[in-house]
Structure formats: C-alpha cells, structure tokens
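Below is one structure, written out as structure tokens; the observations come after it.
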Amino acid sequence: MPLITANTKGVFVIAVTPFRDDGAIDHASVDSMVDFYFDKGADGLTILGIMGEAPKLTQSEAIEVTRRTLARAGGRPVVVGVSAPGLAAIGELTKAVMDLGAAGVMVAPPSSLRTDDQIAGYYRTVVETIGTEVPLVLQDYPLTTGVQIAPKTLGAIFEAHPSIVMLKHEDWPGLQKISDLRDAEARGRRRVSILCGNGGLFLVEELRRGADGAMTGFAYPEMMVGVCRLSAEGAHDAAQDLFDAYLPLMRYEQQPGAGLAVRKYVLARRGAIASVAQRRPAVPLNAAAIAEVEFLIARQQRKLEALG
Amino acid sequence: MPLITANTKGVFVIAVTPFRDDGAIDHASVDSMVDFYFDKGADGLTILGIMGEAPKLTQSEAIEVTRRTLARAGGRPVVVGVSAPGLAAIGELTKAVMDLGAAGVMVAPPSSLRTDDQIAGYYRTVVETIGTEVPLVLQDYPLTTGVQIAPKTLGAIFEAHPSIVMLKHEDWPGLQKISDLRDAEARGRRRVSILCGNGGLFLVEELRRGADGAMTGFAYPEMMVGVCRLSAEGAHDAAQDLFDAYLPLMRYEQQPGAGLAVRKYVLARRGAIASVAQRRPAVPLNAAAIAEVEFLIARQQRKLEALG
Amino acid sequence: MPLITANTKGVFVIAVTPFRDDGAIDHASVDSMVDFYFDKGADGLTILGIMGEAPKLTQSEAIEVTRRTLARAGGRPVVVGVSAPGLAAIGELTKAVMDLGAAGVMVAPPSSLRTDDQIAGYYRTVVETIGTEVPLVLQDYPLTTGVQIAPKTLGAIFEAHPSIVMLKHEDWPGLQKISDLRDAEARGRRRVSILCGNGGLFLVEELRRGADGAMTGFAYPEMMVGVCRLSAEGAHDAAQDLFDAYLPLMRYEQQPGAGLAVRKYVLARRGAIASVAQRRPAVPLNAAAIAEVEFLIARQQRKLEALG
Amino acid sequence: MPLITANTKGVFVIAVTPFRDDGAIDHASVDSMVDFYFDKGADGLTILGIMGEAPKLTQSEAIEVTRRTLARAGGRPVVVGVSAPGLAAIGELTKAVMDLGAAGVMVAPPSSLRTDDQIAGYYRTVVETIGTEVPLVLQDYPLTTGVQIAPKTLGAIFEAHPSIVMLKHEDWPGLQKISDLRDAEARGRRRVSILCGNGGLFLVEELRRGADGAMTGFAYPEMMVGVCRLSAEGAHDAAQDLFDAYLPLMRYEQQPGAGLAVRKYVLARRGAIASVAQRRPAVPLNAAAIAEVEFLIARQQRKLEALG
C-alpha cells in the first residue's frame, strides 16, 4: 500500500464518519463516501480526524472504519488520525491501522503542552512509540488544541524526526508560517509536505505561499481539486474565480462546532452519505440554518454555471 | 449628545486608532478617519475597542482620542470601549468619556470568568460601578476573551440591568444565538439592540436572524451600509451579491492578529489615515501579504463595477 | 459486589498503577499495593484516575488492571475512573468494569466545557450512555480540567440524576463549596456522598464542613484514616495533630506533575510497589528531590513517635 | 534611593493594599502596615502585585499608594508591580514610580503569550519601553498567568537584558527550576536574584536549592525572616521546625482567591491594617472560615511557644 512522503501533493479530503440515525456506523455510507471523494478528484483521504468524530468512536470501531475505508480506497492513500490522551493508545491504534494498510498517521499535540521543549519532547515520544518507519503527519491546529508551535520549533521537530513527512497546516493566521517553513527549506532544512486545512478558506494564498495542497473536508472537494490544478498551472485569476464561487458556503461551513452539521447535510444532499446523523454531543441543523445553506447552494450553482 | 438605546440600529464602525510612524497618536488622522467613516454611511462609531489598540494607550491618551473623535463626529453617536482589568479604571474612564459626550460604553468580560453566575455577577458590579444611567454595550466575543455566555445567561443579565441596551455580538458560531435572543424577546423579555462583529463575515445571515446592524471594522464600511439597507428592503439576493463581492477581502482581513495590519493598510490606501503604523506589539504587512491584498482589491473593484 | 451509594463514607485511596522498569504493568505489585492500602485502613480504592496514569493505558490494560485489583480487593469497593474523550469509550469501559464487579465509575468533565448548561448537558449524556443503574462519581477538579462548576450547578445535576451518588471534591479553594452543598441538602436537595481530594491538604477542615471522607492518594493512607476517625469522634485537636505531623510531606507530594514521582517513591520505599517507574511522559525524582523527601520522612517519623 | 540588583537577598514582603470599609484607600493603614512589615524583619516590600489588588486601583491611586509607601519606608527598597495590558501604561507607571524612588518594577507576562519567542519578545519590548536603567523583576507565575517559561527561556531573557536583575519565582512545582537556573549560572550565565513566592509553602527547599530569599505575603513575615536566617546559618532542622509551626496556617492562606481574605483578616487582627476590606470583586471571610483561622492561629501560638 502507498505511504505518504515529504513530496506528497494534492488534495486529501478529511472524511466524515457516516452514522445511521440510531448512532451505529453506517458501513454502506463509508463505501459511497469513499467513492464520492475519489470521484470528485481527491488524491487521498484522511479519516478519524476531529471532523471525523474520532473521539466518539471506540477503538474497535475506529479500526473497523479504517478497514472498510482502506478496502474501498483501492490502493489510494488513506491517512488515519490517531490522536489520543496517551502514548499507549496511540501506539496500539497506529500499529493496527498501519497493518491494515494506512498511508500514515496523524497526531495533534495535547492541549496541555506549552513551551517549545514540551512540544518537541511530545513528538519525540510519539515517534519513539509508533516507530520511525511510520509516516507521521503533525497536525498544527491552535484554534482547537490551544497549542501554538513557532515555525522554528516545527523546523527543529522536522529535522529531528525524518519520519514526520507532512504538516497538516491549520494555524490561523497561517500564511506567513508557510513562507517561513519554505524559507527554512531554501536554507537547507529538509523538505516536508504541507497540506492545508481551515476548511479551505485560504487555499489560494496557501498554494502561492508554497503549500502542496489541501487536507480539509469542505463538502465540495472539487473546489479544492480545481483550485490546486489551476494554481499549479499559474492561472491565478481562474483559481480565485473558482474559489470565490464556493467561498460563501465555505465560510458558512467553517463554523466551529456547527460546521460539521452543515458538511454532513451537504454530503447527504449530494448522495455521498445516507444520513446527517452525528454521534452525541452534536448540534443538528435547524430549519433556519438549512434555509441559509440552501440559499447559498442555489447561488453557488448559478455562479458555477456562469463560470462555465 | 445622543445616547444609544435598545432600539439603535445601523452600522457602528469599529474605528482604528491612527498612529504616526513614531508611535504617537495621529490626531489629524483621527479627524480624517471620522470623516471617512461617516462619508461611507456609518451611523455611529465605536472607538477604543480591541481592534482600536485600546490596551496600548495610556488613560490620558484614551481620553484625548475620545475628545477628538467626539468633536469631529458632530453629534453623531460614538460608543467607547472601557474594558480594563479592574472596576476602578472602568469607572474612571466611563465617567470621563460620558462627560465628554459619548453615546455609551462597551465592556467585554475578563477572561477569568467561567460560571454563569460569575459572568452575571461581573456585569452587576460593572453597572453598579458606572451607574445605571450610562448605556452599556455587552461585548460577547469568546474567541478573544475565552468566556462563553449562554443565551439564557445573556437574557438574565439583560433583564437585571435595563442600562445594558446593546449586545455587540461576535460569538462564533453565533447565528442561532441571535435567533434564541430574539425568541426570548418574543416571549416577553425586554428588547436589546444587537449589532454584529466578526468582521462582517456573517452579516447577511445575522440580519435575517434579527440583528439590528453591524458593529465591526471592515475597511469598506460601505459594504455593511449597503448590505443593511438592501436587507432591510428585503432584497436578499442583492444584499448577498454585494456581500459576496467584498467577501474575499473580508475573509483576508479577518485573521486574528494579522488582520489589523490589513485593515490599516487599506484605510491608509483609501486616504482615511496617514500611516499604517501600529503600536507594539504589532505584526506589519510584508510584501507577500501586500501583494495578496492588492490582488483581492483589484478583483473586488472589478466585481463591484460588474454589479453596477 | 458492593456498590457505592450516596451514604458511602470513609477513605477511598486513589491508587497508583504499578509499572515495571520496562513500562509493562506490574501485576504482582497490583496485589501488594491493594494489600498495602487495605492494611493501612482504606475503606475502598479508586483506580485509573489521573494519578493512576489512566490515559497512558490501553483499554485492554485498563480492564486487566481492574480485573486484578478487584480480585485482590476481596469484595471491598473499588471505583474505576472511566473519563475518556468520547462517550462511546466511556460506555464501553464502564460496561466492562461494572461487569467485573466495580463499585461505581468516576467521570471528570472534558476541558472544553464552559457554561453551566454545557456541564449539566455533559453529565446527562454520560448517565444516558452508562445507564442509570451504574453508580457515578462526579470528579470536580478545576485545577486540572479547567472546568468550574458552581455549587448550584452541581445541585441541579444531582437532582436530575439520582445515579450520581458521589462527588469527588477537589476544587481549590473548596471549603465553602462543601458548606454550600450541605446547606442545599438541609433545604431539601437529596444527599450525595462527598469524598475529598487535593492530596488531603485540607482534610481536617473538609470533614468539619461536612465531607464524608477522603478520596486521594497520599502515600500514607493511615493519616487519612486516622484523621477521619478522630474527626468523627470530635477529637479535633488530635486530628489536627496527626494531620500536622504529615503535612510537610503531604505538601511536598502535592506538586502538580512532580507529585506522582514522590508518591511512587514513598510507596516503593514502604514496600507497597516494586518500582517507582512511570510510563512516559514522566519526570523522575532526582537526587536533590530524594534528599528532600528523605529529610521530611525522617522528621515525620520523629513527630509521629512524639505523638505516641 | 536604593535599587535592587542581581545580588539582592532577603525577604521582600508582598504588601496588601489597605482599604477602608467604604472602598477608599486607607492611607493611615499604609503607614502602619509598612511599619509592621519592617518591624517583623522585612528587607524590602513589593507593592501593587496581584495580592495587592493592583488591577483594582486607578493609576492615580497606584501612584499615591507608591508615594505613601516610599515615604514611610524610609529609604528601604520598595519594588512596584506595573503589569498592565499594554506597554504605554507600563511605561507611564514605571516612570512615575521610579521618579518617586522605587527600587525597581515587576512585570508578569500577559496570559496570551505561548511560544518561547513570544515570551522573550515580550520582555524585550518591556525593557525597551521602560529603559535599561530600571531594575526589572520578571514574575514567573504560571498558575495565575497561564504562561509557562522554561528555564532555558528564562536564561536567554536574562542574558539578553542585564536590567532584569531578579526573578520572582512562583512556578509550581518549581524546585527543579531553581536548580536549573543556578546550574546555568555555574556554567557561566550571569547571576540573577531569585526570590520565591507561592505563599512561602516551599521556602525551606527553595533556599536549599539556591534561592536568595522570599517575595511573598504570608501574614507572619517573621516566619520567612527566621527561616531565611536559620537556613543561611545551616540550621536546617531549626529552619524546618519554625516553618512547620506556621505551615498549617500558611497552607490555609494559600487558597487562590480566598487567601487574600485570610491574609487581610490576620493582618487586621495583628494590628497592621485597620480593616479587612477588599475592593470588589472580593470574597469575604465568613464565620466558618474565621473559626478555622482562629483554630489554626491558637495552635500555631502554642507550637511557637514550645519552640521557645
């Protein structure tokens, strides 16, 4: 099975975890969702992240979702989020999913970390726990974790651990961080792949700053695929035109907590999954919010038609 | 001088504080900025908020900025942010600015507050300190303060203190909070004015949920003025069209920390203030960021022309 | 097997989890530790809490530690900490340990909770998940969780969920909270058992305020047992004399992070466990700290002899 | 007037700010309190710290308290806390109090700081703002500020700014930090004075680790004075005996929030100040707490008599 590397590029969609209305995992929808994401042009998937409701699964469920996703992915790369309160659980889950054929694992820092040394020390113990042969994605997401990682601290971690091949970048603001990381590479630090999150809200600028693609879960992955392609071609105005067409809905989906309900609503509406159900705790989309989403989708459709 | 009330509507622009390159307050730019905001259609101003770099001023400077702004505002309402670590400073500054003719004062909760009772108790002591005759704006901004205030807690505070006439709403997500607050009024709770922040990023939806307008500092206040007007007329698609034209830049300006540099850059570019200078600590806009902003402004201009 | 109830009293020792030097669980030391705690007079045990390094165990290890502890406890009550990032894991572990014969489970609030309603809502979903027949201990530990729960919020949660039979009290300061909770019971709210944590540092006062005993892990459980007995007899000066003899070491052990190394050092020194080993991340006791602990133990011994 | 230096040793008492029952500053009690502290053997004072209710004063009140304290101190050193949300206020207050004859100023990091570079950058701007000729105390108090500063970050800050002559040490746990800082000096880093806080709860160990004394506000400063003297003489058991006699009350006074009421109660009881009044927000000592304090004071008196 393919592994991610420091040269991985493209769009890795942050997958939701489909549930049935009774809260059980909807295995059939795992299949249809995987098909949907790849049909829309995704290069890979990332499952069991924060927006994948990973903490709401038992470990055996997490492994089952991984197994099913990998089976359907047909050899295309799938990264698995394995963040957990302790190293033993991280190690156990990593071994299980890598044995199943995952392309790598992703770990966010626990929110108790503060100093640069604490952060570097944490990733050292993670690498020691999972082994240096497992490709690791460092998730830098201060808005949720509360952990701020300076570019030079990231650089020191990358230098110390070659198995950390990718940064899931979702600092906010984060554009200068991409420039700083790429500048450090230009001065000799080894390369890492940088895929960006934050719902795609800064994707055009991120790509121009040197990012390798997107790792986020906006319910229209074709936007990310298209923007990455146009940007790679240097068609920056066309990339921005496409981005702008989706931006009103993207912005609406990027609401902490509430956004997952929007995402699942749109994915269900598009046929990717059968139900909008989330596991508790969850905030369902009410009629007012659905009306807002539908208003935006209708307008988005018209704009895309105008773009041709 | 006019006071804000529970029925105040419209656009109150969150004003920046203009500095000279040497860090001194630029009094001439206070004048030009006030003119600029009202020329663009603002109904009022809010000065000395977080984006007004208020904590970086001495108290005598804060009073001087207030005096100058009020003199130039020519009788139009100006709200003054008076948040401070202690009640004595809040009381002292409130008395000073109300004596000068402010329309009301705004207070955000200190970040140490946690339980509902602590929050309610805080606003009780604020009202006791400044007096019940001073119109008070409660700033609900969890992203920055870390304090989450449930709608029912807001409602209890509003019921207890009639002098709290306005909510500066910038919870995120916050649309349902507006609906909840208006629902409570429909069931009998007294009305408060709700003006929305968050850089304007949800203004169209906020107005449809029942907000009375905007209180935020996007460097194109005419967007907010236009959206409020069109929304009031029921021209929701036109409102959204106007909003969408500005959205790419709005999104770019709404980056925590970095956003103020963008805002001052645009305001200086538009002639509202003389210098982009911020007081320390500050992150200046570098060449890459300026290029991104200019790219967005040029596109915005074309979109607005297309709208006619 | 016995279940805890709202009338449970006495000393429940927060047990460490014994590890071998290679990081594996030391099952023989589980046995010797259980014997040690009960020999010193404990009424029950609480395993897999924060000081039991629970997040560092895999779920299968957690279940194995529970099984071994219960087997050795010989019918005496053992509470099991089941806090986890998600409800599914809480539910799964609760079912497993209750089936094994646990006396109840303990859940601390996740650190993301802020408003009173969020906290109450969390415990409602926990009770729904584990079932109303499982005795639940609410762990109130703001220093570690960051979640502050007002006495009236605790009261509302207790009223709503009769299966929450016990409060592990370790707010700091927390004496008035005990008084407030007991006052509410005097006014008609149903009783809950209150066992106190914080390393025992306020045990004398806590008992006089109405606590039912201690649930904490100081390495000399006989102090807690003795203080509870003397306090129950009304021998307050004798209780305080005993407490004071241990206080210098108790204070030293109550250092966040570093304290567990002290506790394991003393337990190993007393023969309760074979090794001081902790799982990573861990801060071992260095020579300077060991000298400080030994100095305090020697003095403590002399004071106890003087007490007779 | 004397200035603090990197070689300052001894006991600097963290002074309370005396208020009258109506909330006004009690100037007469400032005098009696200053006399009291020096009569008990203090080497200096630190005013307007967190436990001095500094944020509750207006700036003019802060300056007036400083003036009065300095006048009464009769040439003995007085450090002034000048922490504020912004640099302009810090600069203004520093100039005022240094002109009045303060021995130095103390600044705690704002709670928004996270990375090592942010912390170092903050102290660089503080030093630039107040000038390199003003002796500066860095207050390291993570429990209250939420900012964790690694020993090597402290060392880098000390090296960069010779005017930072003192560390107010109140990390918790913090013993190893003292050892680390002194080890760095042994390897060549310039010396700084280390005075310890945390209510004195670890004073004996702190001195043996290399601290230069205490800077905290326990209401029996003679304990700190005596422990420092005995420790300097190498009489470690006698130092610990004295410490132990006061420890039960010291522990009781060291309750966040509630502790200041205890401190003011004892100081008023001892005649140092006229009233226990605090400015709002404040939690007064109720009857149950007063009984607990009196019980501890009576026992403390007997223990001290037994010590001779």
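Think of it as A, B, C and D in the order they're written, each chain with its own count starting at 1.
Just so we're on the same page, a residue touches a chain if its C-beta (ideal position, glycine included) is under 8 Å from a C-beta of that chain, and two chains touch if they have at least 3 such contacts.
A quick map from chain label to UniProt name: A, B, C, D = Dihydrodipicolinate synthetase family.
Please read all numbers here as calculations on a predicted model, not as lab measurements.
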item	value
Partner chains shared by chain A and chain C (touch criterion as defined above)	B, D
Relative to chain C, chain with the most remote C-alpha centre	B
Which of A-D and B-D has more C-beta contact pairs	B-D
Separation of mean Cα positions, chain D and chain C [Å, integer]	33
Centroid distance [mean C-alpha coordinates] between chain D and chain A, Å	47
Averaged-CA centre spacing for the pair chain D and chain B, given as whole angstrom	39
Sites on chain D at which at least two other chains make contact	none
Complex contacts: residues of chain A adjacent to chain C	55-59, 61, 84-89, 92, 111, 121-122, 125, 279-281
Residue ranges of chain D in contact with chain A within the complex	114-118, 147-150, 152-153
Of all residues in chain C, those that touch chain D in their complex	172-173, 175-176, 179, 201-202, 205, 208-209, 236-237, 240, 243-244, 247-248, 251-252, 255-259, 286, 288-289, 292, 295, 299
